[in-house]
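Structures incoming, each one as C-alpha cells.
Each of the next two complexes has subunit A plus one more chain, namely subunit B in the first and subunit C in the second.
Let's turn to the complex of A and B:
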C-alpha cells in the first residue's frame, strides 16, 4: 500500500495551519471591504510583529518542553529601562537599546539557570519571576510612562521598508534565523531531541542543560527586542508594555503545531498561529463588535481553530 | 466450543496493513500461545481483541456474539501489557481495584479498610509480599509485574486473560510463580493467551499455538505436535541455529596489553567498591539478580549517575565522571535496557534518531548537509538491517527489535571505543537476538570493547568470554565463561562466597 501523496502533504502540520489562515483571511477579505486596505494590513502586520517575536522564543522553549510566562514582563521591563537610560541618564539611544537587549538575555538566562541548576519546574518558576520583573517595572516607573523617546530611533517602530512596517521586517529576519537554527544546525536538532526524550538526549551525550539555558536566554533577548520596538513605536516607554504578551504566544504556538510537551513543531508554524489570532482580533474590530464582547468572540474562535485542527488530525492525518 | 473466535481479522494503518485476515479460536481451560517476531502483528491483534481499537475488516465473536454489535462483550477479556502501567503514587490496593466500578466496591464512597482487606486475599493468592497500603512506587519491579496480573484478574467477568511477555523482567524464581498462576487460571476454566519470546516457557505451558508473521497467520496447531526448531522456523521463516556460540576469538592472549577500560574502586548509589578491567577484543558479561546494581554500575561509569568515589580509565587515560557528554566524546557509549525511556526519540523520524549522533560529521558553515545525512542514515539502516517503511518513518512506529538495531547502529556511527549493552535483547525475538549477538561479536573482533549486562544466563554463556557476577552492590566473582559450571555462577549471583577464578 503506497502512501497517497495528497494525504502525505496534508499530514504536514504546517499545511493545515496555513490552510486555516488562508480560509480566515479570505473570509475576512470578503466580509469587510476595509480588511485588505494597505492601512489595515500594516496595522495587522505591525501588531503581529511584537507578539510574533515573543512567539518565536516561546515556541522554541515549548519545543524543549519548557514554558516562560515572564517573557511579556521581560519585554516591558527592558522597554522602561531603555527609556530611563535614554531620558533620565541621557545615554546614547543605540547604546541604551543594546544594553537592554543584553538585560533581556540576562533575565532569560537567569530563568534558565534556575530551571536547570535547581531543577525547578519552569512554569511555576516563571510565574514567580514574572512577579519579580513586573514588580521591578512598577518600582522603577511608579507606573508613570517615560516620554520623549528620541526621534532618531523611532523609525524602528514607526518606519516602513518598501511599504512593510519596520517591526514586521525585524520579526521576519528573526524568524528566518530561528528557522535556520532549528532546521539546519545541530543545536536545533538537540532542541527537538531534548523535548522528545530528555533522558535519551542525556544518554546521547547532548549537553542538555547548556541547550536549555541558551534557549531561555534567546527567548529573553527576543522578548526585550519586542519591548524595545514597542517603545520606539509608541515614542514613550509605557509600564504596561508586554501585559498582553503572555498567553497569546502560547495559544499561537499550539495552533501552529507546537506541543506543550515538547519535541514537535516549528517557529514558522507558531508564527502562522499568531497570524490567525491577529487576523481574528482585527476582523472583530472591523466588524465593530462591542469591546465587551471581543474577548468572548476571539477566545471562541481560538477554541474552534484548535478543535478543527484536532479533528483533522484524527481523520486526515490518521493519528490517534 | 470456542469462547472467543476471531474471523479474518484485518487492521490497516495509514500506509501499512498491520494484520491481514487472521483467524483463531480460544477455548476455555487451555493456554494459547501467540508467537511471532517483533512487528508480526501480535500487539495489533491484542488491541483488537481487547476492544482498544476497531478492526478494518473481519469480526470477533465472544461467547458466540459479534463484539462489534455489543462492545460490552470485551469486559470478558482482561489484558496484562508488557510494560508496567500502574499508578506509582497510589497504593497497592487502589491499583488493584481501580476503576472501582468493575470490582465489587461500587459504592459512592471508598471504604479504605474494606478495600485493603479485600486486597489482601488477592495478594495472598499471587504470593505478593507487599502490603495493601504501600505505595506502588515503593515496591519492587517483580512485585509490580505480579500486581499487574493480579489487577487483571480482579475483573469478575474475566474469561480470557491475555499476558504480553509477563516474564521479560523477572528472574527464574518469579517466572516459576507466574507460570504457576497461569496454570491455576487455566484449571479454573479460563482461556489464557500467552505471548513470550522465551521458547522454553512457551513449550512448557502452552496447549495450542498460533504463529504470526508480517501480519498474517503462518502456522497453528497444538504445542504437543511441535518442537523448538519448528516454532522458530515458523516465526522467522528460516532455520536458526539457536545453540550457536558468539564468543569473539581473542587474538593473542599472551601479549600484555593495556585494558581498554579499567574501573577501580568505583562506588555509587546501590553499589560499592567495584573494580574490573575490560581487555581488548573480549566481550565481558555481567550477571546478577534484579537490583544487584549492574545497571547502576554501568550508568555511573558512563556518567549518567553520580559516582561517590573511584576512577575510570579509557585506554589508560582517566575520564572525568558524571558527564555523559564527556564520555561520548571520549568514545564510551552505554545502551540502556530501557529502550523507550532512555533510547529512542519517539516522535522524531528514523533519520533524525540516527542522524542526531553524527551531526558534527555532516555539518559545515551552511548547517547540516541533509543529503549526506540521508546517505549516512541509509548506510546504517542497511548495515544493521533495520526494517522500516522509509527513513522518514516515525520512530515509535518501528517494532521493538528494529528500534534496538537503530540504537545500536546510531551508537556505532560514532565509532566508539567501548560499548556497554544493558539487556540488549529484552523483548526481542529469536532471529533479531541472533543478529544482535553477531553484531556484538563482529564489533569485539574489530577491537571495540564490549560489556554485556544480561539476566539471561544462556545469553551470557553464549556471548561473553568472561562473566563477572554481582550480588547486592558488590562484585562476587569473575569467571571464565567456557570453563565454569552454571552452579558456580548461580552461587555467586545469589551471594554465596564463591572462590573467584584467576581468570
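Let's turn to the complex of A and C:
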C-alpha cells in the first residue's frame, strides 16, 4: 500500500510548530492592519535575525545535550572589541570584523575545552564564563558605547537585499548551511548520536570531545556574528548588546522541538520557535498591550503554541 | 524679456501666495483623532507617572478640541537599547502621529529614530539628550543642575566633610552619566569630602539595595549618599534601614516615586532633587500634537526641578 503523502507531511516533527506559527500569523494579520505591511515584516525579520543566529548555535549545542549561557555576552563582547579595533586602533573594519569572529570562536572553544577537559557541566560553567565575558565588556568600555562605526560596514546591519534586511539574509544563509551540516553530513549524525547516547557514541568510535569542542566553537562564532551585525545595525558598539539574548534562544529551541536532553531537533525547528517569539514581541506592540501584561500575554501564547505542538504530535503524528 | 523669463516670473508669481498660505495653514486643519506612542527606558514606576501626565494631556486636548487622542504606552521589559529599538520599529509600523521616547542611549537609538523620521513620523525625546545633530524637541530638566542641587545639599548636611558614595544608575544612559559626572565635580569642589565608592544599579531597586549594602560594609566611615536614577535612592534607603544606620548615613535622593517620598517622611532620606515626570509626559504629548498639525516646536522645554523635603511633600 502506498503511504499517504498528506499523512507523511503531517508526521514531520516541524509541522506542529509551523502550524502554530501560521495560526499566530493569521490571527495577527486579521487583528492588526499593520501586521502584514512590508515595513513591519522587515522589522520582524530583522529582529529575528540577531536572536536567530544565537538560536542556531544554541540549538546545535542542545542537540548535543549541552547549553551555553554565555552566547549573548560573547556577542556583546565581540561587538565592543570590534568597535575598539576599528575606532581606537584604526584597524580596517573588515579585518576587525574577521578578528572578532575568530574571537567569538575562541571564546566558544574555551567553553568547549573547559567542558570536555575538566568534565564541567556546561550550564554551570557558562554561568561563570558569562560573568567573566560580561565583566570584561564593562572593564573595556566602562559602560560607554563606542560610536562612529564606519559607514562602509553599516549596510550589513541596516541594508537590504531586494527588500529583505541584510541580517536576515545572513541568518538564512547560516541556517541553510547549519541544516545541511546537521542533516546531510557525518558530523551532523555524530551530534545526534552523542546527544542521544554519549557512551554508545564513544563505543562507536565517534570523537565525542572533538565534536563537542567544535560545536561550542561554532556557537561562539555565530554569537559573535550576531553581535557584529548588531554593531553595524546600531552604528555603535553598545556594551548592553546581547544582554537579552540568553533565554529567548533556549526557549525558541524548545518551542521548535529541540530536546534539552539532546539527540532531538533541528536548527530549522529552533528558528521557527524563534519566529514565534519574534512575532509575539511584535504584535504585543502593535496591539498596544500594557507593559505590565506583556509577560502574561507572551507567556500564554508560548504555552498555547507548545501545547498545540504536543497535541499534534500525539493525535496527528501518533507519537506517544 | 523673452518668453521663458515671462513664463518663469508668472509661475513664481502664482506659486508665492500658495507657499505663504501653506505656512499660514499650519495648525488650521482639524483632525478627528490622534494616536501618540510613549516609549520609556524600561517598565518602571517613574515612567508610569510620565504616562499619567501623557494621559492628562490627551484628556485636555480632547476636552478643548473634541478630537479623540489615544496614548499607546509601550515599555521595554529590560533597560536594553536593542529591545527599545525593536519597540520603536514595531511602533513605526502602526503609523502613529508621533513617538515620544526616553532614549536609553542616544547613539544606539539613532538608527531607529532616523527610520521613524524617514517614515514621516515625528519624534520627541523626553528625560534624555537627543542624538548629536538630530533636530528633535527635547523635554526634560537640566540633569547636571538636578545632581548639583542634591550633592550641594548633602555637602551642607555633612558640614562639608566626610566620605560619600554615588549610585550611578545605568552607566550608558546619558542623563544618568551626566548626573554622575556633576555629582563628582561638586564633591571635588569640597576639599574635605571624598567619593570613596560608586555603585551601578541599572535602574533596579534590588540591585541598588545590594550594591549599597556592600559599599557600606566596605566603607564603615561612609557618611552620605547621592544617586543618579529614581531606583537608586530607594534601594539605598532600604540598605541604610537594614544596616541600622538611619541618621548616621545621610541621603539626598532623586525624583518623586512614592517610596522616595516615604523615605523622606521616615527620616531615612533628608530630601529629594526631583524631576517632574507628569509634566514631562504632559508636554511630550502637547509637543507631538503641535508637530502633528504642522506647528514647529521649541528645541528644548525645561520642566524644572523640585526640591522635596518633609515640609512640602505632605502626609
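Keep in mind that, in the parts below, the second predicted complex is superposed on the first by the 312 of 320 C-alpha atoms of A that agree within 3 Å, B and C clash if a C-alpha of one lies under 4 Å from a C-alpha of the other, contacts with A are read in each partner's own complex, and residues count from 1 in each chain.
Simple rule for what comes next: contacts are C-beta pairs under 8 Å (C-beta built on N, C-alpha and C of every residue); 3 or more make two chains touch, one makes a residue touch a chain.
From a predicted model like this one, the values you see are computed outputs, not experimental measurements.
J.: Based on the superposition on subunit A, does the combination of subunit B and subunit C result in a clash or a fit?
T.: fit
J.: Of the two partner chains, subunit B (first) and subunit C (second), which one does A:110 touch, if any: first, second, both, or neither?
T.: After superposition on chain A, A:110 lies in contact with neither partner.
J.: Once the shared chain is lined up, is A:192 touching subunit B (first), subunit C (second), both, or neither of them?
T.: The first partner, subunit B, only.
J.: Look at A:168 in the shared chain and tell me whether it touches subunit B only, subunit C only, both, or neither; answer first, second, both or neither.
T.: neither
J.: State whether A:240 touches subunit B only (first), subunit C only (second), both chains, or neither.
T.: second
J.: Now for A:216: first (subunit B), second (subunit C), both, or neither, which partner does it touch?
T.: neither
J.: For the overlaid structures, how many degrees, to the nearest 10, lie between subunit B and subunit C at the C-alpha centre of subunit A?
T.: Vertex subunit A, arms to subunit B and subunit C: 140 degrees.
J.: Residues of subunit A touched: more by subunit B or subunit C?
T.: After superposition, C is the partner touching more of subunit A.
J.: Going by the contact rule set out at the top, does A:263 touch subunit B (first), subunit C (second), both, or neither?
T.: first
J.: Looking at A:202 after the superposition, I want to know if it touches subunit B, subunit C, both of them or none. Which is it: first, second, both, neither?
T.: Only subunit B; A:202 stays clear of subunit C.
J.: Once you lay one complex on the other using chain A, what is the shortest C-alpha distance from subunit B to subunit C, in Å?
T.: Result, nearest C-alpha distance in the overlay: 37 Å.
J.: Going by the contact rule set out above, which residues of subunit A touch subunit B in the complex?
T.: 1-3, 7, 180, 183-186, 189-190, 192-193, 196-197, 199-207, 263-264, 317-318
J.: Quick one: in the complex, what on subunit A touches subunit C?
T.: 32, 34-35, 37, 39-40, 43, 46-47, 50, 142-145, 147, 157-158, 230, 233-236, 238-241, 243-244, 281-282, 285-286, 288, 290-292, 294-295
J.: Show which residues of subunit C lie in contact with subunit A when the two form their complex.
T.: 43, 72-75, 77-83, 85-87, 89-95, 104-105, 107-108, 110-111, 119, 171-172, 177, 200
J.: Can you list the subunit B residues touching subunit A in their complex?
T.: 12-17, 302, 304, 324-329, 334, 336, 341-348, 352, 355-357, 359-360, 363, 366-368, 370
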